[in-house]
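See below for the structure under consideration.
By letter and in written order, the chains are A, B, C and D; residue numbering begins at 1 in each of them.
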Amino acid sequence: MDMSYTPKEIMTIMAAREIKNGDIVFSGTGISMLAAMAAKKINAPDSVIFFETGAMDSLLEEIPFAVADPRIMYWAAANSSLTDAFATMQNRITGDRVIAILGAAQIDMYGNLNTTCIGDYFSPDIRFSGSGGGCDVASFVPRCIAFMQHEKRKFVNQLDYLTSPGQLSGNGSREAAGLRSGGVSVVVTNLGVMRFDPDTGKMYLDQYYPGTTPGMILENTQFHMDVSQAVQALPPTEKELRILRENCDPQRLILGPAG
Amino acid sequence: MDNDTDKTMPLQEAVSRYVKKGAHISIGGFTLNRNPMAAVYEIIRQKITDLHLYAHSNGTGLDELIGAGCISKLEIAYGGNGKAAPTCIRFAKAIQNNDILFEDYSNYMMSLRFMAGAMGVPFLPTLSGLGSDIVSTWGFPESLRRSDPKIVDRKLAVVDNPFGNWGGAKKVVAVPAITPDVTIIHVQKADAMGTCSIKGLAFADVEQVKASRHVIVTCENLVEKAELRKNPDMNQIPFIHVTAVCHVPFGGYPTAVYGHYDYDSQYLKKFAAAAKDKDAFKAYQDAWVYGVNSHEQFLQQVGKESLAAIAADPETGYSVNMKRD
Amino acid sequence: MDNDTDKTMPLQEAVSRYVKKGAHISIGGFTLNRNPMAAVYEIIRQKITDLHLYAHSNGTGLDELIGAGCISKLEIAYGGNGKAAPTCIRFAKAIQNNDILFEDYSNYMMSLRFMAGAMGVPFLPTLSGLGSDIVSTWGFPESLRRSDPKIVDRKLAVVDNPFGNWGGAKKVVAVPAITPDVTIIHVQKADAMGTCSIKGLAFADVEQVKASRHVIVTCENLVEKAELRKNPDMNQIPFIHVTAVCHVPFGGYPTAVYGHYDYDSQYLKKFAAAAKDKDAFKAYQDAWVYGVNSHEQFLQQVGKESLAAIAADPETGYSVNMKRD
Amino acid sequence: MDMSYTPKEIMTIMAAREIKNGDIVFSGTGISMLAAMAAKKINAPDSVIFFETGAMDSLLEEIPFAVADPRIMYWAAANSSLTDAFATMQNRITGDRVIAILGAAQIDMYGNLNTTCIGDYFSPDIRFSGSGGGCDVASFVPRCIAFMQHEKRKFVNQLDYLTSPGQLSGNGSREAAGLRSGGVSVVVTNLGVMRFDPDTGKMYLDQYYPGTTPGMILENTQFHMDVSQAVQALPPTEKELRILRENCDPQRLILGPAG
């Protein structure tokens, strides 16, 4: 087997490793769904994938292209509704078991996300889709994985719009605002894996991928990040790559061209 | 009045009767699923303008309406359409060009706002959004909020929990109720009185319907009352909430209707491509919306082959192994 | 942990494991329908006391538990059991004799309180009860509310509408969330993981389940996962909310289970007659609850003929022309 | 046909006459259900019967003995839940079409109802079932019919407990408390039919049955009631009695022994 891997492949596997048995995985589409599927097939067989639209533990014989894709409605444990799905996350009993996978256009050093716009809110240079369920899940659940391309314009000092709350301005400001602890807890990029200091709420480098360095990561980040604890990531194992390629996305619909 | 009243009427009539210029409306479905597209196209053809649209994530229908210039004010959680168009392009352009007034919420907030309307309470509480710009940044001009009695004075309100820290929350975000003038949904089955059975996810359709003064239902199958009465547990909407019933097969096309047909990726790609440019989009709507005089004619133009290609597999409810790239 | 985990266990074990002395509990069903009676009788047999019960209108189960002395604190909307006992008699006596602490709410308030728990918000608003003694008269002693962290400080709170008169309401009654330690429901179908399908009215079972730390499900039919997955729209409770699954045919008897059996009017009449007198009630429970060691044995004592007499007609779901006077 | 009638029969028919086509009838069991059924078969064929438990427009081939009787689940337009049923009434769009039928142990001159207790709340002489959905529906809907036995101990100056709000203390106090206009709008007893003055909120005698007099009604009422506008009620017609007896309760399960 080809043990070289694409950035998408290592990102998917790094995210999948965050998911534990028993976790309820709030999933979007694309790479986030693939990570959820990979976790289920590799390391967390009893994790449960669910969607903000209300489908719980769908079979997913084909990869959905949207969280309202009819493919998520088949063989689910239950098909409910938006209000039910978000209640599952706001509810502490089930919500504390949820890990969410999110994407964003911008992230700051406290793990706050922007999926709304670039530039002025009223006359933006680029308008994105908006919150969707992102703000909700980042408000409610203890753990979120943020998938990002590691670029300086995306890892910014100041968000153009704070769509989904992370640690806000750090140092307990999230809890002071009335939110429960949680929000983005890990950031998975094409260069490495970042986490957040439990006291200051600031992002630090946890792992850099083989072939990258802490320096490369700092170069692609506007803000300062502690890299003193960083270690090189364990590269994807043969088993991980095999299951991802053969069992999760054999047509490479989401993974795209092989490396 | 209501019980055994036959509420069926042609879609053209339902739209012209209940969707007036300036109306506050909402549509059912989510991104590329069960949008009431026949009704959306009819609204566009009837050139109804100045609409105030309440949306959570009604991707396809939303973008067609905005692109056609029907919408002047928008309250929304998400303008996107899945893989075909991660951000609804006409929506994005309309905001970038200052063509519409808009207000951002989250999906849960918008769903709760419909639910508050359905429940008849002025607001519902959530913990979502505390500390975010969704709470602190308001899109509608204050003058609009003050002058228009149909628009609530405040986007939302952060209020103290009257029970101290009960439930682990010292404060909550109160989101105000929505009561649209009219909501339009597309369902698999309805009877002539308006009782509806939705197969697969209901999204927020039920809350949207119950919050609304008028409700137009378009349906794949117009069935006998008895067929729905046999399974009352599967009928999410009893007739008392419904104003008009329109029998429109493929009324959700090009979005998916579970158990009937899938979304048409090819159509959605064509649509998303045209949306990138104002003139191309006008040409697209000229050909596919204004160029036909009914949904039936639109479907003829789409062609039987395209419809056959997205026919749902009876077991899974979607089109298995359909070409989707 | 949860997904393909088999959560089945004997009812005796589920009750002893999750229903501890002093626990805050709720039970499913409504008056004479789908009360989890096998579990209620098991709680009584295990002599679990000092329970705090949250009830809307759980007539039969409620009255058995109170009559057995299991309940010390009660928050309730309605203590009645339909025609057999318009007021639950042991409930009424317990209040008249100062045997329990109690707090009155309405059915909607109690349902909303479970819904608030299920939604993870500290309270929900309603217009119900403004100006009534339900709002102004509080049953629990203030000292209890202050000293017990599991009981909210205020029965309810009248708060101003932060949106002025939006929704036609200047103020609302905020009712505080309930999060029971354990909720017990009885359903028609469950699988070993705990996914449930309820036929007929769900009452407030779904909200009660989702609000609770632990959930015990008893079921008429323990079915294969595949049977439930074929119809995900009909499964109101996905497995993630459920702690234990107990296969107990006739687990709702003597209350009705739609599609399976009707309520047993003769049993309920006997029960209501015994409830009028403390000693007679003790004799009744000695014979029918303590005198057997399981629900199976209880059903044997009831007898096949009585069970056959209430068998549901497959078309209507109840026992047609059953003797009910 | 026997044109004499029992008190239950005339009460049922008087209540049925209050129900209009298009009304959504919030019904309990017993005589209130019978009135709803009679209205549907006599004067309001397109009225809709619904129950707080969530069943809408059930077929009711057999008379239910409780609002959770499985007989209400068959052939309904929809079976939902308590939260949905009460929302239908709190919601102004549907709620304004609801007429409720309620019973009570005590009523006062403002149409407030007590279904909770007689005597001290904490140590009552008699404890009743409590509000159930009574407080909710009396709070929400514009029209309620109260069924009462006309006795002095039931038509009282002062309720022992105010379970379900009527006009509170009259003169707009209901609206001042934050409730929408509504509550008990008509009282049907074994002696006559009472309504409420729109300004003062006070009960007045609207109709007395053949064989009763305004004087008899005042004798059985603790509080003063205006009887100056009272007229004798139109007795049940042959059609009303025939349909009630033959089509609604042929076994007289609720009507009880014939007169």
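By definition in this document, a residue touches a chain if its C-beta (ideal position, glycine included) is under 8 Å from a C-beta of that chain, and two chains touch if they have at least 3 such contacts.
All values derive from a computational prediction rather than experimental measurement.
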Query = More C-beta contacts across B-D or across C-D?
reply = C-D
Task = Could you please state the distance in Å, as a whole number, between where the Cα atoms of chain A are centred and where those of chain D are centred?
result = 57
Query = Where the centres are mean C-alpha positions, what is the separation of chain B from chain C, in Å?
reply = 37
Cα-centroid distance, chain B relative to chain D, in whole angstrom = 40
Request  = Could you give the separation in Å between the centres of chain C and chain D, each centre being the mean of its C-alpha atoms?
outcome  = 28
Remark   = Residues of chain C that touch two or more other chains sit at 120-121, 126-127, 168-169, 172, 179, 200, 233
Note = Where chain A touches two or more other chains simultaneously, the residues are 55, 73-74, 79-80, 90, 92, 140
Key: Pairs of chains in contact (touch as defined earlier), listed by label   = A-B, A-C, B-C, B-D, C-D
Ask   = How about chain B: which of its residues touch chain C in the complex?
value = 116, 120-127, 152-154, 157, 159, 161-164, 166-169, 172, 174, 176-177, 179, 198-200, 233-234
Request  = In the complex, go through chain B and note every residue touching chain A.
outcome  = 29-34, 56-57, 59, 76-84, 86-88, 91-93, 95-96, 98, 104-109, 111-112, 115, 126-134, 137, 139, 158, 168-172, 200-204, 206-207, 256, 258, 262-263, 265, 312, 316-318, 320-321, 324-325
Of chain A, residues touching chain B in the complex = 29-30, 52-55, 61-62, 65-74, 79-83, 86, 90, 92, 116-117, 121-136, 139-140, 161-165, 168, 173-174, 177-180, 253
Ask   = For the complex, which residues does chain D have touching chain B?
value = 21-22, 24, 45-48, 55-57, 59, 73-80, 87-95, 97, 140
Residues of chain C defined as touching chain A within the complex = 1-5, 117-121, 179, 193, 195, 210-213, 228-230, 232-233, 235-241
